[in-house]
Amino acid sequence: MSNEMPTALNLPMVDPLPEQTQKYFDVCTEKLGMVPNVLKAYAFDMAKLDTFTAMYNDLMLGDSALSKLEREMIAVAVSAVNKCYYCLVAHGAAVRQLSGDPALGEALVMNYRVAKIDTRQRAMLDFAVKLTQASATVEEQDREALRAVGFSDRDIWDISSVAGFFNMTNRVASGVDMRPNEDYHAQAR
Amino acid sequence: MSNEMPTALNLPMVDPLPEQTQKYFDVCTEKLGMVPNVLKAYAFDMAKLDTFTAMYNDLMLGDSALSKLEREMIAVAVSAVNKCYYCLVAHGAAVRQLSGDPALGEALVMNYRVAKIDTRQRAMLDFAVKLTQASATVEEQDREALRAVGFSDRDIWDISSVAGFFNMTNRVASGVDMRPNEDYHAQAR
Amino acid sequence: MSNEMPTALNLPMVDPLPEQTQKYFDVCTEKLGMVPNVLKAYAFDMAKLDTFTAMYNDLMLGDSALSKLEREMIAVAVSAVNKCYYCLVAHGAAVRQLSGDPALGEALVMNYRVAKIDTRQRAMLDFAVKLTQASATVEEQDREALRAVGFSDRDIWDISSVAGFFNMTNRVASGVDMRPNEDYHAQAR
Amino acid sequence: MSNEMPTALNLPMVDPLPEQTQKYFDVCTEKLGMVPNVLKAYAFDMAKLDTFTAMYNDLMLGDSALSKLEREMIAVAVSAVNKCYYCLVAHGAAVRQLSGDPALGEALVMNYRVAKIDTRQRAMLDFAVKLTQASATVEEQDREALRAVGFSDRDIWDISSVAGFFNMTNRVASGVDMRPNEDYHAQAR
Amino acid sequence: MSNEMPTALNLPMVDPLPEQTQKYFDVCTEKLGMVPNVLKAYAFDMAKLDTFTAMYNDLMLGDSALSKLEREMIAVAVSAVNKCYYCLVAHGAAVRQLSGDPALGEALVMNYRVAKIDTRQRAMLDFAVKLTQASATVEEQDREALRAVGFSDRDIWDISSVAGFFNMTNRVASGVDMRPNEDYHAQAR
Amino acid sequence: MSNEMPTALNLPMVDPLPEQTQKYFDVCTEKLGMVPNVLKAYAFDMAKLDTFTAMYNDLMLGDSALSKLEREMIAVAVSAVNKCYYCLVAHGAAVRQLSGDPALGEALVMNYRVAKIDTRQRAMLDFAVKLTQASATVEEQDREALRAVGFSDRDIWDISSVAGFFNMTNRVASGVDMRPNEDYHAQAR
């Protein structure tokens, strides 16, 4: 585990970490080869770390008709609008890994409109991006456009929630200057 | 409890609600005179309701050097940038109630720059609004500006997190057309 | 009559006011319970006060197929784009009063797209808001959209004029820091 | 007098014009070689024509520490932000005529930042342009910047009022497709 | 030849100019009555002057189904978005000259949407302006809109290239404060 | 050489290519392992290919106090503002290769403000980005900021020219849907 601070703030991790948190971090190291810096950043306060990971895990890993790749696609398309370095590095890697298509990850980072995706996924990203850029202008016809390509009302909730979530994390990351683990850069290229 | 749908989506509440949730809603009715529609909206899925309320309660009611009023001020200033009807109605009421100053609530909804607040609070809102409008342009000098008026690194985390949180809820609310309880309008005028 | 300055400028009212102006102010006090600060602000120069009130009275109170409420709705929707505190406070109160619907006033201040209004009024506000945000992009098809919902050419003139007028007053109010009478806040809630 | 309609609306002039109005139009023809189309556009309704000309004459020709050229400079700088064809043609000609400097008129139409003007006039236009682009962000320091280059509080009122006025006329002109008299193009080149 | 510096940079012309360049400048003086300042600005380095003029001549004077006037129309519409004083002055004059229609030149400088042009030219300028304002949002349907009014794929290349070229020159001109020859102002009025 | 079309336009390469062009393409294949698609895209017309490569080679490979890496940094920072997929892929790879620092390439694509660069390079990119986003607002103080960190007037020309050039190519690429060679993605990761 690098000793470099994960943000610009002087908020050291609780030391020692509670046993359950340490286990979670150990699992991360084992599975991902690292503890994502976002977790280290939140680890100055266990309540904040726990509410963050609970929401993250429900939204990104929980039950949904959106595939995990599709949720990561939303994460990247939203983070590209907000130009969030942390989220683009980490979730760009996730898109490359889950899709096995490095060009898809790059396209979503750079300009989602050129990505080779189907009509349904394009509608999903158009909605997420509109919600990011001008949420107050989203109206019933935008939801109708999602229903027209096969999304259910529950799917609309999930798209809105994932898009919303990354609009939150993008701001937290930029607000505290969160720095991505270096390892992401070379992953799944 | 009104039967009106709290959003444009057909996602009915779990029925019956789990006992603990029903108790929470009963407390809301008792204390606030209503169950806020945001809770009813999330109540189609207990995991989502629970992660939302856990994060909300930690951020808005938990321990922080920012007063509850100051956190609500951030909520309103952020929601005004995003023009989120639900959040402006609900948190505008909260500002009026906590401050006892209806004009303050109105100013934050309409143009936070005219609000009669002190230098420290103005710096706090400037940071939250910049994070909302152009998060990628927030840099160390912006954090320095907060430190210069007395905010600690932990406070900077809290300001970023609260601002981030409402950038999430604003998108969820607009994405699903969340509708505020009518009762808010007349509160604390 | 409060002694507080109605703007940030040191431009005291003509003292004594001409008899006719004093009468007009007395009528205001009698009918509205106050002299609106905008009138006090202009009262440093009788020619300016008179040309302002003449245009205001013709546009907002004179003969038109737009109801007085509809003209106030335009005032608020335009002022929301420009985030003019004075005009939102004063004309938000007018919408609440004329409509008897506090939620309508709030919706127009916060995000006119969620207001419960009919198709004709929505088209009217879409036109006024487009004229406010990007007047150079208004073209014949925008006027056709108004005609399609029943507006006459004279109505188009009136919508353009009222929208234009508040684009003026929003700038004057922000330029001089015009402060609304406190009494507006609690009215018609 | 050309028979061409001065706008896209079918709102013919009152016929015959009231005697006083006809006299006013005759003076225009004599002095300017034309009746400006804006006057013909308003002449479908005498009350509207009269309130418009009263305000115009007070602001642009009345007593002020701002020279007539300076007021026209504001008119053009504001109209350039809003890309109002009518106002740029008519008031661009006025700047060329009053200044005897065709390049000044062109610079104000195209990009006021390159105009060869003094520090005081530059501050005046910066204020007017800021008021046009983002009025809600104008604060006391902007007024202080005007005072620092010698403007009085009355001058600040005048700058705000002239900038406000053209933000109105730009919208009215674009809303009704007001068309400038052809004669302006070649004037004072 | 005026001695005034053509830019804000201290980059004097090669002295003496190479024979071929001097001949080219002499032809300019003879045909245009001046050496355009853009050429003097580039003349501190012959390689840069040559690559610039080669590209300019190919794009603006070379073989194309777009008329020379149409290419100049694109130049002005693009430069109006970017508010480039140099390019608006020089190419505004070119539009007036090639069209014999001073009002057309003015309209393109001020707001191309009011210009009296045919549907094909309007589509051409809409594409060029969209490419200037938000190039990443240009997609196949935008190219289809050009094909629908008769443009070939080669024409789409030419429109994109000319629009691209002025997006370059606008930046170079503003970056170095390039100043147009005074003579342009009165031309073809 | 892939047979895939390098753009959305049906503009096949001249066949056979002129001998000198074929040699140039062969050198590309030998040195880069590919012929960049931008060259194939221009190869429907030799005059256009030649003027493009002449300008490119002078600006990006010719004599300058800006290093080749710095010129590529400008290319990427500009292309990130315009979200040009082709240029970000191709010049992102160039930054990674020339710097040997993959994270630098990523940072410039995603948000140049987080890139670990020195004050001089930051000033260079700030200027290039301002020129890209709002060229008309660049004024003498912006050039002074470059001089203050050591740039000469010739350097300012070069920064402006490179920034301008990519504002051109970004538009050409988006206008014709230019597609980057797949090989770039994995380079220098």
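Should a chain be cited, it is by its letter among A, B, C, D, E and F, assigned in written order, with residues numbered from 1 in that chain.
One rule holds in what follows: contacts are C-beta pairs under 8 Å (C-beta built on N, C-alpha and C of every residue); 3 or more make two chains touch, one makes a residue touch a chain.
The structure displayed is predicted, hence computed values, not measured ones.
Q: Treat each pair of touching chains as one step and give the shortest count from chain A to chain D.
A: So the least number of steps between the two chains is 2.
Q: Treat each pair of touching chains as one step and give the shortest count from chain A to chain F.
A: So the least number of steps between the two chains is 1.
Q: Copies chain C and chain D touch; is their interface built from the same residue numbers (over half shared) or different ones?
A: Both copies touch with mostly the same residues.
Q: What chain is the most remote from chain E, judged by the mean position of CA atoms in each chain?
A: B
Q: Between chain A and chain B, what's the gap in Å when you average each chain's C-alpha atoms?
A: Using C-alpha averages as centres, the distance is 22 Å.
Q: When the C-alpha atoms of chain A and chain C are each averaged to a single point, how far apart are the two points in Å?
A: 44
Q: Take the average of all CA coordinates in chain B, do the same for chain C, and state the distance between these two points in whole angstrom.
A: Roughly 30 Å separates the two chain centres.
Q: Check each residue of chain B and list the ones that touch at least two other chains.
A: In chain B, residues 83-85, 111, 136, 139, 177 touch at least two other chains, as defined above.
Q: Chain contact topology under the given definition, line, ring, star, complete or other?
A: other
Q: What is the complete set of touching chain pairs?
A: Inter-chain contacts occur between A-B, A-C, A-E, A-F, B-C, B-D, B-F, C-D, C-E, D-E, D-F, E-F.
Q: Can you list the chain F residues touching chain B in their complex?
A: 111, 113
Q: Quick check on the complex: what are the chain B residues that touch chain A?
A: Residue positions touching the partner: 8-11, 44, 47-48, 50-52, 54-55, 58, 62, 82-85, 127, 131-132, 135-136, 138-140, 143, 153-154, 156-157, 159-161, 163-165, 167-172, 174-177.
Q: Show me the residue ranges of chain D that touch chain E in the complex, using the header's touch definition.
A: 80, 83-85, 88-89, 102-103, 106-107, 109-111, 114, 177, 182, 185-186, 189
Q: Chain D touches which residues of chain F in the complex?
A: So the residues of chain F touching chain D come out as 136-137, 139.
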